[in-house]
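Chain naming follows the written order as A, B, C and D, and within any one chain the residues start at number 1.
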Amino acid sequence: MEFAYTNWPVAYFVLLISLVIVFKVVTAQRGKVPSIRRIAGMNAIDEAVGRATEMGRPILMVPGISGFDIVTMQALNIFGYIARSVAKFGNRCILPTIDPVVTGVAEEVLRDAYQEAGRPEMFNPEDVRFLSDRQFAFASGVSGIISREKVATSFLMGAFFAESLIIAEVGQRAGAVQIAATTQTTQLPFLIATCDYVLLGDEFYAASAYLSRNPTLLGSIVGQDYSKLLMLLAVLIGTICVTLLPFLHNHFMIHLLSYLIALFKS
Amino acid sequence: MNYLHHILEPRLLFPAIGTLAIFSLVFRENKMYRLFEHMFIGLAAGYSLAITWTDVLKPFWWDPMWVDGQWEWVVIVPLSFMFYAIYTKKFVWMSRLIFGFFFGTASGTVFRQFAGEYIPQITASYKNVFPDLKHGHTAMLASIPQAIDNLIFVAILLAVATYFFFAFEQQNKTVQKVALSGRAILMIALGAIFGATIMTREALLIDRMYFLLHDWLQIVHSAM
Amino acid sequence: MQRVDPRILYVLLVVIITVSLVDKSFSLPIIPAQQTVQAYNTIEAAGRENPRRMAIVDGWWSASTQGENKWQTIALMTQLMRDRIPFAMLSGDPQNTTLMETIADKLAQKYNYKYGQDYVNWGYKVAYPQTLIGMVQDIPGTLKEDANGTPMAKLPVMNGVHTFKDISVVAEITPVSSLDLWLGMVQGVDHTPIVYLPTAVMAPEAFPYLDSHQISGMAIGIKGAGDYEKLLGMKSTGTQISSAMSLVYALIILLIVVGNIGYWADRAVKAQQAK
Amino acid sequence: MDPFILPLAVSGFFGPVHGHGAAFFGKLAVGIVAGILFLVGLQLIPTRLRKPTIVFFTFMGGLYYVLDFFLPVSRFEKALVGQESFAGNLLNVFGAFAVGLGVISLIGLHLKTVSRQREGWGFSTVLIVSFVLMAVFTLLNAYHPKGVIVPKVPGLQTNITTGDVFTFLFQSGLTALDSAMFALIGFFIISASYRAFRIRNVEASMLMASALIVMLGQVSLGTALTNFIPPQTVWGNLRFENLAQYLLVDINTPALRAVTFGIAVGLLATSLRLWLSLERGVYFDQEA
């Protein structure tokens, strides 16, 4: 039977990984709450938020420039948790966006955060600003905000591209404490060069679990670890097969190994 | 006068001043920068609004409905109210519904992306880590460097991956060591990216300088 | 010392670039990189073997990367025209087709190349992969007409050009990963030599292909353009920009060294005060 | 025919209507009423059932693409794979209707700034004016590129058309500012490397070392430094350009791939949590 995604072993592998994650999430919700290792930079968040309040300056949150997608949603999630403590301190968050829909979601995320912290009056919808859906127009706007609003702390989280260096360097110049996390590995070196703390790779996805400590997210992290383990196993098995193949004479074995190799070849 | 002519030519003068104004940001945020920043954002917003009509709504909504008579498309108009429900108290929950729907679709597409974009990276990592012994002495010698490279490849992949396990206890001394070395190797890789990006970025700057000096001021003359 | 105001660095940068652009006489010694020499020689060889066999210049660049790709294109076309190799331009980007034709037309006057006779613009292809697949079978049949709507049959330069077997070399000038298509469909099938002229950021992906001889040479970014002019024995804007680039690099490297010295000096001083 | 309207499509009622007669406008009215009724229906849902409703619609949103990925083509050809482009268009169009959110947020803010004469209202005026100009002329250019704005007068070679104005706004305005902003990176990369590459610790020094090697591998300076090494021998690998290549290819690829694995899984996990509303994150957890 032919499948929508023609390479069915791949479809099954994706399904397997998904099941592992969901299973871990559910077991965690049932009360088997795991613990995760500390993530450098996460502990600095409260400090950075506090500093901004002492200086009486606002906090900047940029959810990347990839428009409305999963990465941006994760960024907004992290911001949601941070915004709660910002609200407790009674400080402002400025959140520029590059996408109309994200603007809407972000507005509600922040409103909720301030609500929960019991400071709804502190939330000003004007602080969630759609700037432009154009990469560098957005960058110019964010640079303007940083310089004019004298931002004291800025969080750059999500998918950033070339503009990351512009935003981070302007922030650095304005003397802001900067904490960044991006899914774009090619931008990591520039963020490392300009920010005070940088979350590497999928520390970005672990951040919300780390901040919230809630079972679902922690469980998900465990599931993700197992999934990564599965992927690495696949690599190892593949490598062993490819290496052994030249030395085999038994036809059955050759066929078996060639099959294992072909398994993921799409 | 003839000299001033090309300098005052609007199609050169305007972008030239704009470029200088934007560049001035590196010294300090100032009125000129602010002026062109606002102009920039205004132009960008105007453009994107217009092409939302010309590139999306007209060909995919208006024409099918108005020209081809697929009148069902009109349903979207009242439904799109849900986006704007955030501006109301009574209906705000509807915006959550529509945003939820959109994030649902975004999540749905990820499965295919995962299969199409990331699984191939697994298969691309299958490496033969042993020299070729079957095709004689020279072939073996020739294949040794490749085998070593492949071995290093797998080693680096595993070492770096080890650093990114969050839930598994990393009490074991060796595991910790591997994870840390993985992080260090990652730094080398990132440094390399940094170095490799500089040329393209500087080329852009030099190109803008070339525009100012060659096209606008015309104090640089080139073969072309 | 380690707290130099960045603005001073920026001024230095601007001065360096301006000087190296304005002062024609100025240029640093250029030592062509291995892969650039290979690229140059590939074209030379093509010219020697059969000067009348057509070359293809495939461009994917637009104004946004002209800082690198424009000068690569100029250098490459200069070599083609100098060696009297007829060539066709093909574009994977709508802007690119006009940009490349402007360059070709300008150079044509200098080397008295005639459009339609010595070079032709095949234009921008929307369904690029499909077009390429078609071209593998039958080039004129797939393209039908050139960018200006002239039928292929009416273009003398197209005489005897049917498949990629009739193409001597392909030059790929690009800021995006457009190379794979050509490797799979053209180089893999007819072993047509491909020279690759990418922007600097695109280069790393291509090195493996260079080792496996799937591409016969590579001129990377503006340095590639400078190297190329050096090999052509000419000294034009590519050379100037390239040496401007070298100076910028020298500045950065110098700054890194100075920065570190300053940093360690500071620490030494602080250590002293601590005692 | 589109699956979203499929169930009833069988009956001619939902077929396309040609010409702009009463029938057409009648059906448009029907469509609008239907949409409004749907909204009213939603509003009638008791508050405690709103969250489940949101969960349901979120799930439905993802369902199509998930089935499209997992289900066998042979059986569901028409219903799934055949509809990919339609589903894409539908979402694009729907999403396009949200563009107002952006405009309201941006222009609304600046209109307020102008009307209340807040600090910097002059700039806001500029923003609004350039917004209107660009929007108008982009549309004019799409419909009547040849429309005359300024007729030919002595001193002008030709008359100025809407197309000319658009080209000016787009090329000399938008595009020029785009590349100027992009070029800023050329400045910032200098100060960034000056600051970043201090040998504070092992990591920083590694970052710096490999960056330096790659840089030297890219310019004549580096080639010159190691040019004495014959390229064809084993030692040839120590030439800067080859070291750079080694770092960029043999070290970079596996290291970044390992990172990518994590990012890929994180992406999958997050979308699963969103799609199945397992997320106890800030946003979807709110009692609507």
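Methods note: contacts are C-beta pairs under 8 Å (C-beta built on N, C-alpha and C of every residue); 3 or more make two chains touch, one makes a residue touch a chain.
Everything quoted here is computed from the prediction, not taken from an experiment.
A.B. asks: So if I look at the partners of chain B and the partners of chain C, which chains show up in both lists?
C.D. replies: Touching chain B as well as chain C, we find D.
A.B. asks: Top contact pair of chains, counted by C-beta pairs?
C.D. replies: Per-pair contact counts point to B-D as the maximum.
A.B. asks: Taking each chain's centre as the mean of its Cα atoms, which chain lies farthest from chain C?
C.D. replies: A
A.B. asks: With chain centres taken as the means of their Cα atoms, state the distance from chain A to chain C in Å.
C.D. replies: Those two chain centres are 36 Å apart.
A.B. asks: Could you put a whole-Å number on the gap between the CA centroids of chain B and chain D?
C.D. replies: Comparing mean C-alpha positions, chain D is 9 Å from chain B.
A.B. asks: Quick one: chain C and chain D, Cα centre-to-centre, how many Å?
C.D. replies: 29
A.B. asks: Please tell me the distance, in whole Å, between the geometric centres of chain A and chain B computed from their C-alpha atoms.
C.D. replies: Centre separation, chain A to chain B: 15 Å.
A.B. asks: Give the residues of chain D touching no fewer than two other chains, as numbers and ranges.
C.D. replies: Within chain D, residues 68-70, 95, 98-103, 106, 174, 177-179, 181-182, 184-189, 191, 193, 195-196, 207-208, 211-212, 215, 218, 248, 252, 256, 259-262, 267-268, 270-272, 274, 283, 286 contact more than one other chain.
A.B. asks: Specify, in ascending order, the residues of chain B that touch 2 or more different other chains.
C.D. replies: In chain B, the residues touching two or more other chains are 22, 25-26, 34, 37, 40-41, 43-45, 47-48, 83, 86, 96, 102-103, 106-107, 110-112, 114-115, 125, 154, 157-158, 161, 164, 183, 186, 190-191, 193-194, 196-199, 201-202, 204-207.
A.B. asks: Spell out, as numbers or ranges, the residues of chain C touching 2 or more other chains.
C.D. replies: 6, 10, 13, 200, 203-204, 220-221, 223, 245, 248-249, 252 - these are the residues of chain C that touch more than one other chain.
A.B. asks: With chains as vertices joined when they touch, what's the shape: line, ring, star, complete or other?
C.D. replies: other
A.B. asks: Using the touch definition from the top, list the residues of chain B that touch chain C in their complex.
C.D. replies: The touching residues are 26-27, 196-200, 202-207, 209-210, 213-214, 219-224.
A.B. asks: Over in the complex, which chain C residues touch chain D? Could you list them?
C.D. replies: Residues of chain C touching chain D: 2, 4, 6, 9-10, 13, 28-31, 33-34, 63-64, 200, 203-204, 207-208, 220-221, 223, 226, 242, 245-246, 248-253, 255-256, 259-260, 263-264.
A.B. asks: With touch defined as at the start, can you tell me which chain B residues reach chain A in the complex?
C.D. replies: That would be residues 22, 25, 28-29, 33-34, 37, 40-41, 43-45, 47-48, 83, 86, 92, 95-96, 99, 102-103, 106-107, 110-112, 114-116, 119-120, 122-123, 125-130, 132-134, 154, 157-158, 161, 164-168, 170, 183, 186, 190-191, 193-194, 197, 201 of chain B.
A.B. asks: Which chain D residues qualify as touching chain A in the complex?
C.D. replies: Residues 68-74, 76, 80-81, 95, 98-103, 105-106, 109, 112, 174, 177-178, 181-182, 184-185, 188-189, 191-193, 195-196, 207, 211, 256, 259-263, 265-274, 276, 278-283, 286 of chain D touch chain A in their complex.
A.B. asks: Given the complex with chain D, which residues does chain B contribute to the contact?
C.D. replies: Those in contact with chain D are residues 10-11, 14-15, 18-19, 22-23, 25-26, 34-54, 56-57, 60-61, 66, 68-84, 86-87, 90-91, 93-94, 96-98, 100-115, 117-118, 121, 124-125, 149, 152-154, 156-161, 164, 182-199, 201-202, 204-208.
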